[in-house]
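You will see chain A twice below: alongside chain B first, and alongside chain C after that.
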Partner chain A sequence: MLKRLDRADLEKLLAALATGYRLLTPQRLADGTRLHRPHGEGALALQGEPVQRKPTEAFFPQHDPLLRIGEQGEVTTCDPPDRPVALFGLNAADLACIAFIDRFFADPPADDHYLARRKDALLVGLTGFAGPGGDFLPPANGMCDLELLALGQNWLGVPWTPRGEALLEGFPDGEQAEVEELQETARTRGNPAQDLLEKAAGLVASEVVPDDFWREIGDRCILCSGCNLACPTCTCFCVEDRQEQAATLRSRVWDSCQFDAFMREASGHNPLGTEALRTRRRIHHKLAADVTRWGEFGCLLCGRCDRVCPTGIGIQAVAAEILARFGA
Partner chain B sequence: MTATLTTCPYCGTGCMLYLLSDGQGRLVGVEPSAGHPVSRGQLCVKGWNAHAFVQHPDRLKTPLVRRNGTLEPAGWDEALDLVHQRFRQISAAHGPDSLVFFSSAKVGNEENYLLMKLARVGYGTNNIDHCARLCHSSTVTGLVETLGSGAMTNTVACLDETDLVLVIGSNTTEQHPLIGSRILQATQRGCRLIVADGRRIKLSRHADLHLRHRNGTDVALLNGIMQQILELGLENRAFIEERTENFTALQESLAAFTPERVAAITGLQADEITAAARMFGTAKRAMLLYAMGITQHSHGVDNVRAVSNLALLTGNLGKPGTGVNPLRGQNNVQGACDMGALPDVLTGYQKVAEPSVRDRFAAAWGRPLPDRPGLMATHAFDAALAGRARAFFILGENPVLSEANQAHVVKALAAIDFLVVVDIFPTETSAFADVVLPAACYAEKDGTFTSTERRVQRFRRALPPPGEARADWEILSALLERCGLPAGYPGPGQIMDEIAAVTPSYGGISYPRLEESGLQWPCPNHDHPGTPILHRQSCTRGKGRFSPVDFRPSRELPDAAYPLLLNTGRTGMHWHTGTMTRRSHLLDREEHSAFIEIHPEDAARLSIRDRQQVSVESRRGEVRVMATLTDRVPLGQVFMPFHFVEGAANALTNNALDPESGIPEFKVCAVRITPC
Partner chain C sequence: MQPRPCPNQPPSVYAPRPCRLLSVTDLTPQEKLFRLQLHDGEELGHLPGQFVQVSVPGLTEAPISVASSPDRHGAFDLGVRRAGRLTTALHALRPGALLGIRGPFGRPFQLDALAGKDLLLIAGGCGLAPLRSLLQYCEDHRDRFGVLHLLYGARSPADLMFKEDLQEWQQGECFDCRVTVDQVPATGCYDGATGLVTGLLGDLDLMPHRTVAVLVGPPPMYRPLLEVLERKGIAKTSIMLSLERMMRCGIGKCGHCSIEHLLCCQDGPVFWLPEIEYLRGAL
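Up next is the complex of A and B:
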């Protein structure tokens, strides 16, 4: 099944989504920030860089109340919102990131709290000519319920699940040849960023990157923790307890492995006690450890850590530097 | 889920961010503004955690009045009536100058404006000041004399087009991280960097030259660099002739500052001073950045003069990529100064001693103004102990932890008749109060902050205040009304309209014009686009004035009894007295307790191990903290942040004041350390 939607059809699809879901769509705010916002709050921004905030936030929020412990010690869990979320406008990298942390949270012991939000959620990909200024974004080829391939003023609708299929019901049919043309464009363009990452990962895994290099990169870290907070595949959290009247509210809060306290022992000793070691860990985890654990990189090239880093040491920048210096 | 665009509540850099709430009244996070010229989609660690303290259960939620020695909940009318009645009584008995008002660099411009109006025409005293006294009063005094304006001359974005940055007395990557990171980016593109700081701060690892001069010897260092610039013929003759005055006096004053003499004073090598002079003097465009390391000395104003002299000598003023750039500490310390929360000036630095200024304000406010400049905050505690200051109104400050010589402050607060504290959390200062008024924090009200680059920008309400807490402008309006002054402002926007009407440099500022990234003052009228760079054609005062200065040693140096030099300051994780950051989970976890940095060789000599508890004593007090062994500090020097009540650095510091600016000597005093 393949459909072809014009702008009116797209609005119709969004209206249908908004009836069953808390629909979030990419919108450009007054200061230029592109964020996922409740649909209808502002104008849709159908083209542009990836939404600034990581999309995995919908299932794993920055500050997430888990449970309340009452005066008598009774525990009540905090329930997720009534209506499931529909995330509209995800590119291939973002969809891959969601798939990555789905596997992490579903892996036994499964994280019920995450799954409660995730299980009925709907994902809508938006690829094709939907990048900044209408730049090309490679098709996701799955990882979502339905994918819209932007062709300018029209979109090809490809369902990937029965729910996606139902939502596309009734729209005019599309031409398979147009999808193939987009696939061909993706093939021709290749993925130079992925190539670079693979080469850098090879160097990191084979331990040819010396400690001095990590010291140098660590010296440039101002410890904002933004790389971790922006990364859709970072899943580390800490637990915060707060007294609210007589009850204690326990929440999980995004953490950062760049903090000294992340690994510091009660004795004060820290096996990752220097910026150099922590920087190495940040890169090594994504490019080497995750490969061992999951069989793929923990970096899906969404670009957020490079965008958020005030000193230019996001993962792609570091990978490029590794390659330039040790790749010969 | 709502997203509210607002300005960060921490430092003076002025980043804008979105406060994110879950739609059920709970703040859940922060996202940087992508389009803002300073934040550019990025934040520092405190910015990323700017939501974390807002809904902390410790927030003050109801007015408190002391009854039989205990602070007990009270109604707003009861509390405000009591404040007004006691201030009237004390003023009637001891004169209006027995009242002292501390404003806050953490609240909006509109609120600073209302408090200084309340002090001056509500209660008839110019005794109004705020924590700028403790940070950049030396800058305001020094730069007004030499350039005519006591603010950062250039913009943060100028770092993208400069050829050299000299950072002196600023740990920029920790204290103004989004400016510090911009310096690091500049070095990546080849900009040269000189760091003058005794400590091995992060920036020093990227410096072409790191000058580790002794604390308190900045005048000697800067004079030495200028002496060598002249010796090498690297001064900008054309600029000196066209744009400056008093050059001959400067030249004569520098003669004695030979590299050898300066080396002996500063502890540097003579050739380091020459190298700095050559590097600075040959740069096409150079920016000078400084902060508390320059200002917090008993010769802070002289330090500022020396910095200004260096910029004038080399013509680094009035164009992109240059300038004298004091980095203001608090998010609104620039604004609190601009608003005249100072004892000698009204808004826009209009002098209270000037009859025409008083007449203009009297016409606008409908009441005559007191004509004698008031007490500086640092003098107010002496006045309290002498019985001259009897009632204090402290808005959003915590002097028990932030002022030098804590014992002195505590004694003064215990001696006065009446203390009112307005704050968002209970503090070490509110513990002394007779009345405590609960305030809304930045996330719960509207207003404007003015950043270090003179950018006036909006902060916006993202959620209602807790309990009965009110916005400071509402609290102050209620007191103005009790004083018989009209204060029926519908909102802060109308207060800003009144500010614009009486303040030439803010004349063109109005809320509709601040919607996106704000405006940089001076902005004299509604068509004016704002002024990113000051002193372009001529200085605010006309000619730039060279102000020669001589080297004066710090007031208390190490000796046999107290052999170590104590330097104090802040860390990247915490903010000032910790009221907010120690209630922010991740920040508090990262730095959880008081510590002192000590050089490993000094520690070995004193048999101190890493993380061991030590006693630190000065002539004014003793605290117990954890020792952190690090060569970040030079031999013979120790460093303590002032964030921690349980190991208060300011129990030790020396309240020796600069004679002109009244700033205490936070950066130099003598201590001894013993293992516990």
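Up next is the complex of A and C:
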């Protein structure tokens, strides 16, 4: 079932989504960047760079209350909001990141807190000519309930789940040939960034990158942790307690493996205690360790760490440098 | 041996179960032994080598190894060193206090692989606490094992944990138990062995082909010990280690205990040496 939506149809679809879900749509901020905000708070921004903050925060927020502990030790879990989230306007990389952390949190023992927030959520992909200035974004080919392939003023609606199918019901049919044309465009353009990552990953995994290199990257790092906090597949967290009258609110809060105390043990021993090990972990984890554990890279090339890093050592920049210096 | 399932499942993997503190015993000036019982009367359901997350409202949680065998029914022990805010608060608790427990977590000592073998059980410092769960299990199932060597090293005589247990193990027939301390203060009254725990291996008569070594101690202990074990002819595949890491969630999600692709709280804390020796930062 393929549908073709014009602007009025799109508004109709959004209105339908807003009735059943807490709908978040991409909206432009004053500085030109985009952010997922409650639908209707600002104007829709259907084209542009990926949203500034990681989309996974809809299910794994920076500060995430887990439970309350009463005076007698009784525990009350923090339930998910009544209305599930509909996250609209995700590109293929962001959808892949959500799929990555879905699997991570579902892996036994499953994180019931995450799964409860994710369970009824709806994902809407927005690909095709929806990049900055109408640039082409490769189709996601799944990983969402419903994908909209942008064609300038119109969108092709592709359902990937029964919920997506129900939402597209009633809209006019689309032409399969148009989808195939977009698929062909994606094939022709290829994915040079993926090629770069794969080559660099091979060098990282085979340990040809010396500690001197990692130390040098460490020296260039200002320890802001922006790479981790912007990364949709970074899921590390610490736990904090806050007193709320008689109860204690226990929450998880994003953490960063780039901080000195991240792995420091009570004894003082720190397994990541050198600049080389600390910096190597950030890259090695995504390009080698995740491949061993999960069978795929932990970097899905969303580009956020490269955009936010003030010193130019995001993962794609480091991968390019590894390839240039050790790839001969 | 299989863990006993817990019939009263908590409402979330992050929800601590209320637990009653039965007794507190001084082990050393820095360490105390806490005997606990789940408030609902259930067994903890652990296996030797596993750990729990101890929850103190207001101070979050800390990973602590269980220091007693699952066969010592009715309660379980935790040996806790005072090292930070949470453990300081624990040390101030009195019997009757309520606290929270999550777990047990992690991969235990591989009892099947130890059965029928001579065991070389080596602990350093407060590593004796997690090892004690296996030592008690060996005592309770003595016929399942061959010769049991127990080597324990601490910094000073005052730092020796479980002194009463050590005395029993030294005097009893279950273990060939040897103890050493790094230093003896000038004013100290101690007539035991001195030197590093590696020194206790020197004149030990081992049958390498039928020996499994189990190591639990502070990170600096492992490499020197592994060198000596290699010289003694113990195969790497017959060496089991329990690693200390800063586990925060216990379920492999928070990332704090990762060793490259492994998660110490789920894939460990007990590992066979070949599983980790090639990983950066593991040892």
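As a convention for this text, the second predicted complex is superposed on the first by the 328 of 328 C-alpha atoms of A that agree within 3 Å, B and C clash if a C-alpha of one lies under 4 Å from a C-alpha of the other, contacts with A are read in each partner's own complex, and residues count from 1 in each chain.
Everything that follows uses one rule, which is that a residue touches a chain if its C-beta (ideal position, glycine included) is under 8 Å from a C-beta of that chain, and two chains touch if they have at least 3 such contacts.
Given the structure is predicted, the values throughout are model-derived calculations rather than measurements.
For the composite obtained by superposing both complexes on chain A, the positions of chain B and chain C are free of clash and fit together.
Within the superposed three-chain model, A:Q62 lies in touch with chain B and out of touch with chain C [touch as defined at top]. Once both structures are fitted onto chain A, a short way to say it is that chain B and chain C open up an angle of 80° at chain A, using Cα centres and rounding to the nearest 10.
In the superposition on chain A, A:Q243 makes contact with both chain B and chain C. Legend: residue contacts after superposition of the two complexes on their common chain; A:A328 is shown touching neither chain B nor chain C.
Once the two complexes are overlaid on the shared chain, A:D255 sits against chain B and chain C alike. Once chain A of one complex is fitted onto chain A of the other, the partner contacts of A:A289 are limited to chain C, with no touch recorded for chain B. In the overlay built on the shared chain, the residue A:A177 is in contact with neither chain B nor chain C.
Taken over all C-alpha pairs, chain B and chain C come no nearer than 10 Å in the superposed arrangement. On chain A, the patch touched by chain B and the patch touched by chain C overlap at residues 238, 240, 243, 255. Residues 66-67, 69, 72-75, 77, 104-105, 107, 109-113, 235-241, 243, 248, 250, 252, 255, 257, 262-267, 269, 271-272, 277, 280-281, 284-285, 288-290, 292-293 of chain A are the ones touching chain C in the complex. Listing the residues of chain B that touch chain A in their complex gives 1, 3, 5, 16, 18, 20, 22, 26-36, 41-45, 47-48, 51, 56-57, 173-174, 177-178, 180-182, 184-185, 188, 202, 205-206, 515-517, 572, 585-586, 589-590, 592, 610-611.
Those residues of chain A that touch chain B in the shared complex are 24, 29-35, 37-38, 52-53, 57, 61-65, 219-220, 222-226, 229, 238, 240, 242-244, 253-256, 259-261, 268, 307-312. Of all residues in chain C, only 10-16, 18-19, 39, 55, 57-62, 81, 83-84, 87, 98-100, 218-220, 244-246, 248-249, 251-262, 266, 280-282 touch chain A in the complex they form.
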